[in-house]
Amino acid sequence: MSFNTFGKFFRFTTWGESHGPAIGCVVDGCPPNIPISEKEIQIDMDKRRPGQSKFTTQRKESDKVTILSGVFEGKTTGTPISMIIYNEDKRSRDYETIKDKFRPGHADYTYFKKYGIRDYRGGGRQSARETASRVAAGAIAKKVLKEIIGKKLNIVGAVVQLGVMGCDRDKWSDLEIRKNPFFCPDKSSVKTWEKYLLNVRKSGSSCGAVIELRAKGVPIGLGAPIYSKLDADIASALMSINAVKGVNIGEGMNAAYLSGEENSDEIRGKSGKIKFKTNKAGGILGGISSGQDIIASFAVKPTSSILNSRETINKKGENTKISVKGRHDPCVGIRAVPIGEAMLACVLLDHYLMNKAQCSN
Amino acid sequence: MSFNTFGKFFRFTTWGESHGPAIGCVVDGCPPNIPISEKEIQIDMDKRRPGQSKFTTQRKESDKVTILSGVFEGKTTGTPISMIIYNEDKRSRDYETIKDKFRPGHADYTYFKKYGIRDYRGGGRQSARETASRVAAGAIAKKVLKEIIGKKLNIVGAVVQLGVMGCDRDKWSDLEIRKNPFFCPDKSSVKTWEKYLLNVRKSGSSCGAVIELRAKGVPIGLGAPIYSKLDADIASALMSINAVKGVNIGEGMNAAYLSGEENSDEIRGKSGKIKFKTNKAGGILGGISSGQDIIASFAVKPTSSILNSRETINKKGENTKISVKGRHDPCVGIRAVPIGEAMLACVLLDHYLMNKAQCSN
Amino acid sequence: MSFNTFGKFFRFTTWGESHGPAIGCVVDGCPPNIPISEKEIQIDMDKRRPGQSKFTTQRKESDKVTILSGVFEGKTTGTPISMIIYNEDKRSRDYETIKDKFRPGHADYTYFKKYGIRDYRGGGRQSARETASRVAAGAIAKKVLKEIIGKKLNIVGAVVQLGVMGCDRDKWSDLEIRKNPFFCPDKSSVKTWEKYLLNVRKSGSSCGAVIELRAKGVPIGLGAPIYSKLDADIASALMSINAVKGVNIGEGMNAAYLSGEENSDEIRGKSGKIKFKTNKAGGILGGISSGQDIIASFAVKPTSSILNSRETINKKGENTKISVKGRHDPCVGIRAVPIGEAMLACVLLDHYLMNKAQCSN
Amino acid sequence: MSFNTFGKFFRFTTWGESHGPAIGCVVDGCPPNIPISEKEIQIDMDKRRPGQSKFTTQRKESDKVTILSGVFEGKTTGTPISMIIYNEDKRSRDYETIKDKFRPGHADYTYFKKYGIRDYRGGGRQSARETASRVAAGAIAKKVLKEIIGKKLNIVGAVVQLGVMGCDRDKWSDLEIRKNPFFCPDKSSVKTWEKYLLNVRKSGSSCGAVIELRAKGVPIGLGAPIYSKLDADIASALMSINAVKGVNIGEGMNAAYLSGEENSDEIRGKSGKIKFKTNKAGGILGGISSGQDIIASFAVKPTSSILNSRETINKKGENTKISVKGRHDPCVGIRAVPIGEAMLACVLLDHYLMNKAQCSN
């Protein structure tokens, strides 16, 4: 069972609701003797933190992470690392208007039907606020990977499509990603995207996004066929993120359109080194990493809470309408970038440890 | 850990290599007192069985399933159900020509690098032959679901895209799917597809496919947030199938292009009944089934083993070429239809049991 | 994997070290709509709380539990319940004298050899302080069981042997257990035990104990053969408690001395009711509860930290001596009673939910 | 969940009923490149095989094990190892006399109440025949351990008490164990035991036994606190064996009688080597192996099926009597020796792999 726990060997369990006193997670299975500090984790937290630009949610949260256990004198001890993040912006809004309505596109209806009870404040457990805990766990995973594998391991994500607007993926720049508020990897697209998203916001609507993740320096051999294939675990990890509806590995859905010649990455050897001529597979063959870059992408649906009025029902089954008051978040997909990176880091570390157990001597 | 085991509550463990004496699986967690027979399971096995048309692999296997345990006097007993399928077409081909080469697009290279050893005969464990075991497990899952939930529950899959050829999904007919060798749901596309695929085969190449799965009659409330979300588990299940590179739930990757208005399914109530106006979400909200049809699709890459010569290396790292002799399978995606159905059935039963434990009284 | 997580369906993950800022646990898989309050949980916490009599450790902790998530308007929501207990008595003792020494009978040496690092303050993670989290989780399990099964379900533990001093188990009184500082079930033994333990303490030594747990009103059918047998899971649960070295179910080790006639509990039926003539099996047959009282007992070894000097080594491998200064805890076994009850409650609820999933209709 | 699966990293899933066509198991997580043959496994199978002396069951089974997958050219490949053992002695006895009766001391009643159905032939799934699969899995575990750790690792079990008859554990001889039909380690007790057991058998009764397991050469650091402690996992493993009612680690239940001085094993260092003065802890401190010999013992209850008539009920709840016809097995505990060894080997390998993943660099 793994209701609120992710991972097999490197595992984290998240807890907390949007408007409860706090959220947090417990990381278990972290190797000992890894130097780690709250400060390092906070860097990743800040990438996901709300309210950083006018293009994302305006909720005010400092998202300060505190380590409660598992780290002693600056190093992990091999025991569980408990982290807590207090909820600050939980002002008593007028939830009366929405507490009995099911917001379309949200999980209000399904949570209520499943559990017979739900914390309606800000979406409760279904809120994307839970993902802050993932980012904290992912920051630890990244640090462990760097300590064990070395600096060459690098995981970077970017928004490669914003609503109907694409970008030139060949112009991908890690540096550029950190510079613009969209995590856009192609400098030449930033201006257009800005204009587009402002329009979306003004119109009271929202748009989706596609996020691409690239992991360089991943060792060969990660992934445990058949039912812990690396790609299957990445798919599960990314699909578990709020609002994600599709996951691709390498060419992904597009692979259906290719011919056998186009799709299978030919291999060449030269003075003891192996080189694939292409990377349609996204760095994974038969569920096992091939040493090529891991490429995965996922689609985030448009924000469901918009200014424009939507039809729905209330708890009694009566027809009613609903709309968001004040400012809204025109594209929840943007903030999914650090979350995707965190999840990929956790999957890679999990498989690294698994592989060490089974296949190393 | 779940190397070769799928599922949490309703679980199956598969074993066996393409050219070993047999393959099989052990189904654990199956509820007791469910009538089940080898004959019923065989119906599903026959849908996946190779050599049924000129469009799929010509390997000759009767794929006859034998139950070794867990069923007594025609009913399940709640103890593990072991099933075995003997490999028949394992004639001693000349594997000498390929045993030391890594077929591009296959997992030969990654298996060898991971394990330091591999059964090269027909791909060994990485062979799609393993999926026969999944179909057997899925047949049991389907039967249990029908016994518990009733006849209204129905899971059907179809090929909705064959290489570059689409079809009209609005013309979907469950009946038509069973009539043509492509599991194509749209009668008007069958002829064109046949011509297209014959050309692909003749040219010595191959093509990919997109399979869509539809599950009707699924109860509300299946799916355990956060890390056992129904869609996350479906994504993992489908991505674990050989050659799958992308998974969509509902609108999937396409959701990125939609506006908030287009994408969020509005809800209407009428005389105590609830109706969603659309089903962009594919029947899953917040990882929990909403009572709408579950819609999932996945892309299968083109067959990697083709007649046309491909560049690769051998175990020594030397450059060489490889190609398939004799007849080849122009589209492995076709036979993925019953496998996808089986996996979806297993996920749904798994979550049905989980939900019963946690949320029923 | 389950490093710091206990249970399969009803699961709790504990975290925290003896002298860190706090300890706590996350309970996952708890059914929704169960009324629960911090006050109820505190009742059990207080049973385990240190410093309540001169016979147990003098550490000052209020052990106040705070719920951080998973409970809304007084009821469980089906989402994870996070609980935190702040460490209060973590005054900066002079750990210098023991930080580099391995206390015999403790896990100082093995932790250090395994992890290469350890939090030496008060034993760190190996401290019995971790069990406070178990008691909190167990309090929830008990409440859920009572809500679902009803008042007839009752779990009571007692110390049935204190060092070399036994008691008359036939005089077991639930009422008496709550009245004396030893959780002794037999009133006539209390005075003698008091005298005995005062002597043990005065002599600077310590003694072990045997705790017996009795669960009444347990439904028939709990336990999942073969590897989740109810008795196997109880054995694992109890053996995981600090300092426990042996576990018995029913007659336990004593069963070896009995004849087949003496040991197998004969069954009689009378007007539709079934009655076992004896309960040598401790209420479990083939790993499944029989409806009889569940009887389990476990032995706790004598406190390893005593006033009398003991030989040991330091981190450098040099020979040295060690002894406790000030007051010591002459019998850690006494406080194991509420912990044992908590673990048994968690196992029973876990199996109740499992059985509901698999075997109910 | 782990209904019929044992282990976390090195895992085996068993299946099969006493009188079905076959029994078997699937071993998953076995490291690759380990030489293994059916012949080696058979050696352990033969130790457990029935009908080898007049003191055990007379069922005729050759217990020949066949490997169906996971081994290629004599070596493990890292893929699941499926093994099958056909049932030979399943002659159609007259089960009519017992099919509707619940044998006291057996799981007939609880299986029937839990599942509502049971395979009554020879006990079905509850039969100790299932343990043959464990021995097969254990044989693989032992081989892997020897290959990885080396020859110094040695796991030996013996019967140290037969009913009311003890033996001198200080005279333990590994050689002697293999020479007598009781796995008795003390030559001087064999004669007396023989006389005793013949008497038990003649009287139509049965007796229990205590088995002690000793593992030498176990590396320091195995065991994952808190809920995968090595002793907790051993306890679960041994308690899962049919008819086991008690498990001790080191001094076990006896630890309750000892003083702190007697029980805590003092440590001495000498020229870089560490030595414990005693081994009361059974080689495990805080759930982690200390490098000392692992000592575990467990009690097997007397055979429940005896010649002497016992009172019971039938499926209708009516009072009746039951007794075994023909020859019976006076002490099922004897054949538990190789099963205990197998389970201990599996636990040690499981923890070895876990530890390698988490704590090695």
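Letters A, B, C and D name the chains as they come in the text, with residue numbers starting at 1 for each one.
Throughout what follows, a residue touches a chain if its C-beta (ideal position, glycine included) is under 8 Å from a C-beta of that chain, and two chains touch if they have at least 3 such contacts.
Predicted model only: the values in this text are computed from it and were never measured.
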Problem set entry | Shortest path length from chain B to chain C (each step joins two touching chains) | 1
Exercise. So which chain is the furthest away from chain D, centre to centre on CA atoms?
Worked result: A
Exercise. Hey, how far is the Cα centre of chain A from the one of chain B, in Å?
Worked result: 26
For this session: Could you put a whole-Å number on the gap between the CA centroids of chain A and chain C?
Result: 39
Exercise. Which integer distance in Å separates the CA centroid of chain A from that of chain D?
Worked result: 46
Exercise. What are the residues of chain A that contact at least two other chains?
Worked result: 1, 3-5, 8-9, 14, 29, 32, 78-79, 114-116, 125, 225, 354, 359
Problem set entry | Complex contacts: residues of chain C adjacent to chain A | 1, 3-5, 8-9, 11, 13-17, 20-24, 26, 28-29, 32-33, 68-70, 72, 75, 77-82, 84, 114-119, 124-125
Problem set entry | Residues of chain B that touch chain C when the two form their complex | 1, 9, 29, 31-32, 78-79, 148, 225, 353-354, 356-361
For this session: In the complex, go through chain C and note every residue touching chain D.
Result: 1-6, 8-9, 14, 102, 104-107, 109-111, 113-116, 125-126, 130, 161, 163-164, 200, 205-210, 220-221, 223-229, 231-240, 242, 245-269, 272, 274, 277, 280-282, 284-291, 299-306, 308, 310-313, 317-319, 333, 354-355, 359
